[in-house]
Structures are given as C-alpha cells and as structure tokens.
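To keep things clear, I will list the structure first and then write my remarks on it.
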Amino acid sequence: MDYTAEELMVVAASREIKDHEVVIVGTRLPILAFSLAKMTHAPNAVGFYDCGIVRDSPSKEFLYTMGDTPNLTGSQWCTTTNNLMFLLQQGLVNVGFIGGAEVDKFGNINTSYIGDYKETKVKLPGSGGGADFASLSERLLVIMNHEKRRLKDKVDYITSPGYGSGYNWREEVGLPRGGVGTLITNLGLMTPNPETKELELASIHPNVSIEEVQENTGWELKVSDNLIETPIPSPEELEAIRSMDPEGFWTGGRGKKQYERK
Amino acid sequence: MDYTAEELMVVAASREIKDHEVVIVGTRLPILAFSLAKMTHAPNAVGFYDCGIVRDSPSKEFLYTMGDTPNLTGSQWCTTTNNLMFLLQQGLVNVGFIGGAEVDKFGNINTSYIGDYKETKVKLPGSGGGADFASLSERLLVIMNHEKRRLKDKVDYITSPGYGSGYNWREEVGLPRGGVGTLITNLGLMTPNPETKELELASIHPNVSIEEVQENTGWELKVSDNLIETPIPSPEELEAIRSMDPEGFWTGGRGKKQYERK
Amino acid sequence: MSTKLQTLSEAISEHVQDGDSVLMGACLEPIIPFAGAYEILRQEKKNLTLLAPISDILLDMMIGAGAVQKVVTAWTGNVSAGLGYNYRRAVEKGIPHKIEIEDHSNFTFGLSLLAGAMGVPFLPTKSLLGTDILKSNPKLQVGKSPIGEETLVYVPALNPNVAILGVQRADETGGAHLWGNIGVSQDAALASKKVILLADEIVSKRTIESDPNRVLAPNFKVTSVVHCPAFCHPSPMQGYYKRHHEFFHDYGKETKDETGFKNWLNKWVYSVGSHEEYVALIQEFEELKIKSEVHAEKVNYAHQ
Amino acid sequence: MSTKLQTLSEAISEHVQDGDSVLMGACLEPIIPFAGAYEILRQEKKNLTLLAPISDILLDMMIGAGAVQKVVTAWTGNVSAGLGYNYRRAVEKGIPHKIEIEDHSNFTFGLSLLAGAMGVPFLPTKSLLGTDILKSNPKLQVGKSPIGEETLVYVPALNPNVAILGVQRADETGGAHLWGNIGVSQDAALASKKVILLADEIVSKRTIESDPNRVLAPNFKVTSVVHCPAFCHPSPMQGYYKRHHEFFHDYGKETKDETGFKNWLNKWVYSVGSHEEYVALIQEFEELKIKSEVHAEKVNYAHQ
C-alpha cells in the first residue's frame, strides 16, 4: 500500500506509545498518532487533553482541535485543566506528545519567539500546554517536519525543555523527571545519547539516506550504532489513519489538502 | 410568649447577621440562628457549609448535621470544601459563625485541648472548620453557654484565633482580617473594646444582673458604656425557631431534650 | 479494560496493610465509608494512621478498637451527640493505648490533600496564623512569602497510602459518579496512592461515560471497586439514605465507658460476619432509604 | 434576589472599562465568548489586558483591532489553521501598535487563576524550570522550597477585573450550568472581581438548583447575566453547536495582510449592529446546531 511521508511519520510516532500508558496529547498530529496507537497496538492507553478531557477510546470523528465536540462524547472524565496538570505534575503521565516549530540537538523546543524575545523576528503562538508536558511527563515525544531551519544547533528560546545543554541539565535546573524520548520526523527517528543527551539518528525511514538527513539537520548529525530502518506502515495502520483523517487534512493521505497548513 | 434562654440566645445571634451577608456556618446552634435570620430580617443572606454547600434558602427540615440530606436539596451550589475555603480566604465571607467550648477575654476559642496539649486533661474534638472561619472571615460570631469554666481569662490552647493578647495582635501574626464581632451567650452579648480588643458586656438579657454575668465570667468583667438590654424574641422569631427545631433538640423550646447534649 | 470488582473483604485484605495511612470520610458528615471501617476492624488491621477532616464516629470507634496509631484530622467526635469517648480515653488515659494526633483545620486538611494531588511539596495559606494548631502540629510551618512580605503557613502535602471513598455508583473499571456533598473526595482520590471505591450500585461503563463531568477521578487512579449497598450507614447519602441519627446518639450513650464500647463493638462489628449481616441488623433500615425521586435537570452531551 | 439580566451591550458597557484586565476563553478551544469580544470591539474599548490560556482567534482579532495593550496567555494563534497574523504583525512590526506579552504555559496560567481564587499570593510548581518562559515573564520567580530542598517556580496570583464566561444555561440570579470542557472556567469565576455570564439559555432558578454540583460558581460572584444564544460562534459548545471550522480557516486566509483583516473586521464586527445580526450573517448556522440528544444518566438528589 502506498503511503505519504506524513502517514509514515504518524505511524512511527504511534508505535512509540505502549499499551496501558497515560499520554497527554497535543493538538494536530499528536492527536492522530495517539488515536492510531489506541486503534492498533495500545488499546488500553489513556489520553489526556488539557482542555480537561480523559479518553480511553479514540474519538469517532476527525478532530480539528482537542476541544471539538466529538472528543468529549464517550470520554472517561471531563474535568478542569488544572486537575489534569496536577496528575501530570505528580508524575502519573508516561508520555507527553507534542509538535514543534523548532527543536535543537538537545531536544529543546521553541514554539514562542524566533530571534531575541525582546526583538522578535517571528512570533510563534507560544507554549499552550507543551512546556508543561515537556517539563513534567516521564518522556516526551516530538513530531515535526525535518528541515534545517527547524532542527537547529541551538533554539533561540526554550519553550518546552528538552535536555537543555545536555548531560544532567534537567536535574540541575530542578525538573523532576522526563526529557525527549524520541523525535519523530518525516525522515527518521532521533533518540538521546544516554550520556550526553544529544539527539542521534536511531531509525531512518525507507528510501531516505543518512546524507539527506544530515542536509536537513542544523547540527553535525550523529548516527546511533544501532541504526535501523523504520518499518513501513501496515495496511491496518493506514486504514485506521485514513478512517480518522479521510480528507488528508493532517496527513495528505488520500484527499487533497483542504486548507493551508503551517 | 414564653421563651427559653437558648431561644433568646439564638434570636440575639440571628440579629447579628445583616441582609445580603455571606455567612459560613458551623454545626449546631449556628445553623439554627442563621436559618432564623434568613426567615426573618436577612432573606438575602447566603449560607456556606464547609462540607461544600451554599444555600440561599434555609433547609426545610431540622438538621442534626450540615451534611444531612435536606441541607443539600435546593442548595445554590454544591462543591468542594476547598472551593468554599478559597472564597473565605479571599475575604468574600462577611461572617464566620461557630460555637465554642472555651473562650477567653480576647475572644480566643479552644475546642481542642484542656490542659497542656502534651498532657491533656480533656480532649475536645478539635477545629473542624472553626479555626478557618475565625482566621479568615470579616468578623466572627461565637455562640455558647455563659459559664465560668467556659469564659476563661486565658484559654489553654488557641484553636480559633480571636484577638490573641489584644490590640494589634491579629495584624502582627499575619492574619488578613477579622476577629470576634460578638460573643452571644445565654446571659448577654459581648463585643470587643475598639482599642484593647477585650470583650465587654454590651447587651444583657432581660432578668439577668451584671453580677450574675460577672459570677459566670472567668475574668474581671468590663461593661460597655452603652450597655443595653437585649430585646426579647418576637412571636415571629419564636415560631420560626420552633418550626425548625420542633422537638427542642437544640433550644429546649417546646419538647423535651431527646438526647443528651454536650 | 479488566475488571476491578472485588468483595469488601478482598479489597481491604489486599489493599490495606498494617501501618498504612488510610483516608476515610472525605465528604465530612455524609457518605462516610463505615462498611470499610468495620471490615478493617474485623480483619484486625493494626497501627493505622487514619486521615479525615471530619469522619464522625468512624475515627472514634477505630481508636477504641485499638487499630489506630495516629490520627490526622480536623475534628474527632460525634457530630450530633458531642464528644468521642474513645478518643478521650485514648488521649487522656491511654486506653486502649496512646495515639498520636496531627492537628489540622478542615482547610489545612483539604490543602494538604490538594498539595498531594498537585504533586507539590506544600501549599500556602493565611489560615491558622497565631493559633496553637501550629504548635501542636509542627509540620505546619510559618514563613515569609518567597515573593512578598506576607506571613504564610506552609501546609505540607499528604499522599495517603489508601483512600476508601464512597460513591453512589461506579463501573467495574473505576469510573464513578459522586454527587451531593463532595467535601475533599476528589482531592483525596487524586492524592492517594491507592483508591478503594465503595459503590452503592455497579453500573455500566456507558452509564458513567454519559456524564463525564460528574466523574470522580480517572479510572487508572482507582485500584478496587466494591459493590457495597448501604456502605455509608449510619451516615447519609443524597438520593439513597437518610442519616440514622439515633444510631449516632445510641453510640454516644453506649460508649461512655470502656465496657459499653466493647459491647457495642461486639454487637455491631465482631459478631457480625459481613456487611450484609450488618445491614440486616438495622431495624430501621427500610425507613432510612430515600424513596422519592428528585432528578437533576436534563443535560445534553450530544456532539452533532 | 434581584435580577442580573442585562443585554450584551449593557453588560459590556457597564462592566468592561478601558484599561481593564479581561479574561475570555476559559475553556481553551471550545465555548469561547466571541459575542463578548465583538461587542467590546463595537464599543471601542481600549488598552485592555486580555487573559486566556488559549482563546483561538479571539485574541488575534482583538489585537488586530487595536484594543489590546497586553496579553497574558499560553498560546495565541489560530488553533486549526496555524499562526495568528495580527499577533505577528503587532509583535514583529508594531501594527497597529506594539503589545506587551506575559508568557505562560497552560498550567502556569491555570495556577495563577487558582492562586487568585484561593486568595494566596502565589502557588508553587515544578513546571517550566529551565525554560526561557521564566526569562520573558519575570513574574514567574524561581526559588528553593521554604520547607525543603526542591527548586520551585512561584506563580503569582491573577485576579482579573472581569471574566466573560460562557455557559449553556443560567438563571437570572447568576446560577449557571456549564458542562463539557471546563478548562479554567471555575478558577476564573472564583478569581475574577466581576463575572459576566453569556448564557445560551435562561432558565429558572429551580432548574439550576436541581443540579447544584454542576453549578459554576455561587451567585454572588456573578455580576451580570446575558441571554446570548450562539455567543460561542465559531467555537463549539457541547450539546449546542459544532465548531465552525471553515470560519477559522477563512479567518486565517483573509487576515494574512492588514487590509484583509480590516475587511474581515468590517464585515463581521463593525458593520454588524448586534449579535443577532451577526448570527443572521452565518449561512451555515443551521448546520452548526447540534440536533441530536444524548442525555446524562439520571441523578437523584432526593433527601427523603
């Protein structure tokens, strides 16, 4: 079965979620990838949406935002934003799952300011819940397009903390746990070096070369000793994605892109 | 119309509540006096009960505890204990209203330990919400029997803060507002001296002498320059009390005392 | 999702250990999980730390039975009848043995659970400044605000080993509806390491999910679900049972001395094999049941 | 109890003043009180500080219209379509004028309201440690725990001058039911000095009191109640309206440049006399209405 790069990215991301895990899910591709995991290998995963929703079944309809009405119907708990953040802060959320505008080699994410924040070149929307997911979940999944201007040696502004300047930075600044588990892109998967915490290429998508990854990465790429090729999506996974995003709004899968995407 | 000392006490207490005030109400006589105010001169007063209830109509049935089922039916809001305490802490509650086991001349209340708390002679139940009402409401009403062993020069333990050692003590310890407005007993009403904050006899019940009050007070009684006689209950007030406590459980009004009271 | 349904006996036996901190009575006066307390006593659990803002006679009877090492409470007694005689005997005379007391007000108790639920070491408050509660409970520390000049009390977080919470209805996965007096129930459910739900009715997951705003806590926070009708007796539960006032007043009269309490305990706990037997002993049980229906206004959760 | 019913125009005119801090969009993506924002723009209020965790395009349009001096938010843009072009123009180019930004995350925003609701100067959190949000918003201070060794962020309290909050139904005294996504609505209602409720339906006090656990806030916290069906358009509201996705996407396309935004503003705000006229302009309005009914399971509040 044919698949788009976005579809492979979503499938690869979904496979990072284990069954029974509690996942706090950002808008856009994370919603889709989490729902895919639920529909395939992680039926008992629990989804937190920080407008106040906890679901253990994926929404039956396509979601443009986590607050869309179908996301609430059949939810397990609908409560305050603070209550979900409290459980996150307690350490009860296994996975934070967000998109990013810019990420650097230590997994720090910028969704706030390009340029100095006092002299801003491009104003991005800000944290939303992303900085909280990155600060407080056991591990963070980040999903974004692999472009040199997005994967930078050092981000201009840390909105959502990765490993800061590497090594034990998180512990030193007082963060209780966490850090990027996997950065999922349209070219491959990157995971932190256990010691330095620099992101390394750990899985490369089919028909992508290491050179191509390096060309699209804003720092000197390190490749894991155990580099693998990303397994392709199964027909079941593709069908599940397309049932949720029938017009290819997020994944360019089947239909045309109806609206301009960021 | 005949009335009991308890009935006069409840009537006098109810008159301390102004219309439109928000009152956080303790168990026993405070419930009754608050409901009486609602039924007579303060129809728009709002009652907080710290199990989580806000009412603007009195319960239609006699209450043994604030958590009795009739107290919830027809309530305006039923929420968490913390939410009500938050509004109290903000300074949005005009009146705290409690009973007491012991009170001293500066209005400090002990409902915890008689004797040293490390070598306790009598263990009383503790604060409940009383210490919070006394700390955080704009003014505190206290209702209790006038006995020498209860009105002490100095309480053994401050559970619910009055004016500490007098003068600006509340400000000095960091309390944001408040203090005893009126102590209502079966002999009269006591209010704090504006400067020293010592409780003084401000109103004396009919057929009670100042000597009798002094005999039953554990410190050298001061009498206000503006001492008045407590107006007697009106027939409407007595009817209202008796409609709420038809067996005289709290007020000894009409029926017999069914159960032993503290 | 696998079932969490257990019998009362299984739930207490498996999830409450000697020495645990156990929260019971999160709604203050109503919906107190007495059935859980009786079962703990029947199973002779020891050295418990009991936590509750106010739990009416539940704390008193467990102290008298010798199961308690420490209480963390705002109020211990008999709400409509007065003092708790077992509490007094334990504190004043060491009968059956001395207990420790960690004094709180209702608010600082609620804040300590909220801090536990939030995952922070403390929460600040302006309550209790100047009181002796700060002396008898030195865990409540006073200090200047780190961002200003105010004096504050720092209330440390509580994360009980187990909370035994009552609800009107639950499903077998741990979803539950609680209504009426909430008290500190939700804070307790979120803060506690294990949660045992006593539910008057077991309903379908679909029923619970029909009203997700009324749900107490996410399923994964719930360890065990026990179908236990009238678990709250003698305390009331909105829509289900009125308060059994006489039971409380009789308890007060019958437990004034130690022998009286032992007789009471034998009659209502030790000589009773199960919660079902206990309910059968309550002569007034039918009168206590709430029989009328006053329904909440309809709420439409439709999405299309 | 006297009525608090006002028209939208009266409520905004009387309770929102130039220079006020105004919270709108407490449920994050759904139930955003757009009708209130449009009316504020029609009344040409100025120098507002807008507060919201995420308020979708509401913040962007008010910034573009020049009504905003400062935003206190976690996210400003167009949730399903991307960036907010007015926000970018204001920050990057000072068009129509520079604005101040007080950066938050959703959690620190929620905590600041909770601190305001609690009446304490701050709340502690472990979130945002190491981030540059702590640099661009120096009100978020870092320090050691006063009772231990942990490093914490101290989030100062927010008490907005006005919160404009949407609900499905309210009574004229200020009692209201909100369901579905709650977000930070209750924290906002308790923290704000004035609360304007926009209600899709006005119902009797008895209806609201039939389900007191679902009530948003005590009546005395509510300043004004406005009957304003479809106040949330184009955002969704459970049981009432679906999200009008195309409206958000069209907004994104039409506001890329300043002229486009001015046209948009004229079409949807300035040339529209009232909220009723606005609703009449929405061609898809009938399709957006939620027509099916999926009711919450019955709840019995009876006391006897």
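Each chain carries a letter (A, B, C and D) given by its place in the written order, and its residues are counted from 1.
Everything that follows uses one rule, which is that contacts are C-beta pairs under 8 Å (C-beta built on N, C-alpha and C of every residue); 3 or more make two chains touch, one makes a residue touch a chain.
Quantities reported herein were computed from a predicted structural model and do not represent experimental measurements.
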| item | value |
| --- | --- |
| Chain whose average C-alpha position is farthest from chain C's own | A |
| Pair sharing more residue contacts (C-beta pairs) when B-C is set against B-D | B-C |
| Distance from chain C to chain B - Cα centre to Cα centre, in angstrom | 27 |
| For chain B paired with chain D, centre-to-centre distance based on mean C-alpha positions, whole Å | 41 |
| Centroid distance [mean C-alpha coordinates] between chain B and chain A, Å | 57 |
| Centroid distance [mean C-alpha coordinates] between chain D and chain C, Å | 37 |
| Junction residues of chain D - those touching two or more other chains | 119-120, 125-126, 150, 152, 179-180, 182, 186, 208, 213, 238, 242, 290, 294, 301-304 |
| Contacts with 2+ other chains: residues of chain A | 53, 68-69, 72-73, 78-79, 88-89 |
| Chain pairs that touch, as defined at the top of this document | A-C, A-D, B-C, B-D, C-D |
| Complex contacts: residues of chain D adjacent to chain C | 119-126, 141, 143, 145-148, 150, 152, 154, 156, 177, 179-180, 182, 203, 207-208, 210-211, 213-214, 238-240, 242, 290-304 |
| Of chain A, residues touching chain C in the complex | 22, 44, 46, 53-54, 56, 61, 68-70, 72-79, 83, 86-92 |
| Complex contacts: residues of chain C adjacent to chain A | 1, 117-120, 175, 186, 190, 208-209, 212-213, 215, 217-221, 301-304 |
| For the chain A and chain D complex, residues of the former touching the latter | 27, 50-53, 64-69, 72-73, 78-82, 85, 88-89, 112-113, 117, 120-132, 135-136, 157-161, 164, 169-170, 173-176, 258-262 |
| Parts of chain D lying in touch with chain A, wherever the complex brings them together | 27-30, 53-54, 56, 73-77, 79-84, 87-88, 91-92, 103-108, 110-111, 114, 125-133, 135-136, 142, 150-152, 179-187, 235-238, 242-243, 245, 248-249, 252-253, 290, 294 |
